[in-house]
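Letters A, B, C and D name the chains as they come in the text, with residue numbers starting at 1 for each one.
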């Protein structure tokens, strides 16, 4: 019997290695796997490359992980926001590496990794600072830059419901980066609020099929602090 | 001189959006535009975090924290709305399926260039978000911004001095002093002007030639 | 009020121009827009490039369109099947052009067209006859070929339910190529079996949002003749 | 000499699939494999037309024409199964998420090359379907086929003479005479042999060196 459900956050995060690239789902706090990030802090892996839309806020979650010196590099689209104090300081002091990626390019690079596409072309960022050092090419008279797949060792995602095969549904805008990140990592770990019996989830509504999911853990999160 | 208020700028942009368009609104004043489009004129608002068909802000007590827009504000979903993931959402944006994107701006140039994400080449950690994707992907861009900076420097320019967000895609600018079209090959054309401002005054506050329709 | 629902197949197909590239959904007969294909035969557009998984069977539908000399070129993954008699004959006589594309590459090329990606790399077909003339490139020591977006003028798709905004759901394996083709054409025309009120379709289950759909027509098709 | 029947070949392959694997079965004998995997050993069968988690053939009277496999036969969906569109389905295949694909074959070479889609370079309209995507995308390929052609020509070869489907990805071959592993750098290794056939006879019907485990 396939059973991807584990009993604790610690069990879900077992084996994450130093030096890993870790994808972290969510947009704002919606769909953000807070408990798994806390679990990663506990788990201890260091020298991480983290991929998330933001560079953390306050002193919790991803920001805390950075503050503890466990993040070597962050890949994101929007590093500076109101509460990104930890990132700001580490960055100023040269203690963290940053790769800025347009949000759509970031999503597409992960989708490409999941879909077996090593590289693709996009018009996004052509003629801007972010195209520097990127290969440029013209198709039908328009300029594009080449972008590479962004593959990861681990993805931490938040879903709404899951079953023991690892099938996942999302709640409204909680979907965001999560299904894309689930495709792009060797080990995708999902936290969800509800465990359902196999067959309870509509086969038309499963947004992340279990094929992309390694472990599922149920947490009592409640609503995101939006 | 009676400059347009932020609400007036938003209302003017809202009035110009035809029914049936799919529209992405940037953070800041652009977000206000949705409030000025009556529900019966069906405009489909898209948010890059995978929400298509956003409705007005939720009534007090009926907020749903699982349903937010790109500015992380709680919103509602209209009947007919749908959800998708980030790659599918940006496929809509980058694939040319969004009729209009309205963004804020640092500078807009007469060739349609937009700068709105970094104020200097030396800023090594600027936040780009989805601006570059929207900048090149939407069928057209409108920009809503103050006509000048706080210290009076024109934001309407011949060529952008700030790092570009996207080249050549701005078609209209709503400022507190005027509404300007950008006609390819010509440049800025005055479409509307705030009460009590002369064309000469407007030109003086702009660093690019303003044309008028004859 | 947005209303993409039209009253007849003829109305749905109005304006398809000679020389168009037309995507035709379906896999086998499931999700195949039979009534729209009949409508296209009636409508009269000629010199078409058709993209479909198969090259038609028997003397109906796509095969009939070919038999009438209206198809200049077919792009497909599986031209020869038991009943592809019309294609076989036209092809032997040099009266139709053929482009064979691996099925996954075909789907991805249309998805790329819909997503603003002019070209991408894939390992599929490297080292085979189908890689001939294609640009080859190595990434991380593995060989890939470059494939171009496959954009179209018109897509004919079959859905299960639709509303007046053009949102579409599918019935089980009826999904197949349809959502991908819907993204890749300037004018996407859908036939469906059920029209629903706006808001009746679950926002989590809409597989083709109305943004990709221009016209919808309801037909009494019944089950596909599988 | 008692060659394996088609059902036996399918059963042998089925017996070798561990629980939890995601498996795509090609048209022909490979399709039969699913019938030989007991439901309680949970193997997830994928079909490239967007079906994940296929179950057995439907009972008479309970067929659903909207639910077919890649061979266009009606199938069922297991609890836990799901649907997706073609690009998402091939993302699974091409992205390396399918543990195993079992295909039919014209020729298999000792370097793991597979030819199964065209019998000649001059065949200008061969049907490739999803074979090339599966050939390079699945983590490994197994091939189920007759050991020789109808006129007795070996299909187990040093190098494929027919046009390739995919290079170097076949790991095991089930024929009516034997089960052969392909070990990278070594070649064919006999894993099982049909009753009443000697290794010498098997070698005589093969055009590549057969190794034995010592």
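Some notes on this structure:
By our rule, contacts are C-beta pairs under 8 Å (C-beta built on N, C-alpha and C of every residue); 3 or more make two chains touch, one makes a residue touch a chain.
Please read these numbers as outputs of a predicted model, since none were measured by experiment.
The minimal number of chain-to-chain contact steps leading from subunit B to subunit D is 2.
Taking each chain's centre as the average of its CA atoms, subunit A and subunit B sit 28 Å apart.
Computed from the mean C-alpha positions, the centre of subunit A lies at a distance of 35 Å from the centre of subunit D. Residue positions of subunit A touching 2 or more other chains: 108, 111, 115-117, 122-123, 170, 172, 203-204, 207. Shared interface positions of subunit D, i.e. residues touching 2 or more other chains, are given as 77, 83-84, 87, 90-91, 93-94, 137. Here the touching chains pair up as A-B, A-C, A-D, B-C, C-D. Interface of subunit A with subunit D (complex): residues 1-2, 111, 113-117, 163-165, 167, 183, 197-199, 201, 203-204, 206, 209-212. Put simply, subunit B touches subunit C in their complex at residues 19-20, 22, 40, 42, 44, 46, 52-53, 77-84, 87, 90-97, 137.
Put simply, subunit A touches subunit B in their complex at residues 27-28, 30, 77-81, 88, 91, 98, 100-105, 107-108, 110-111, 122-130, 170-180, 207, 223-226.
On the subunit C side of its complex with subunit A, the touching residues are 108, 112, 115-123, 139-140, 142, 144, 148, 169-170, 172, 202-205, 207. Residues 47-51, 64-68, 72, 74, 77, 83-87, 89-91, 93-94, 118, 121, 124-133, 135-137, 163-167 of subunit D are the ones that touch subunit C when the two sit in their complex.
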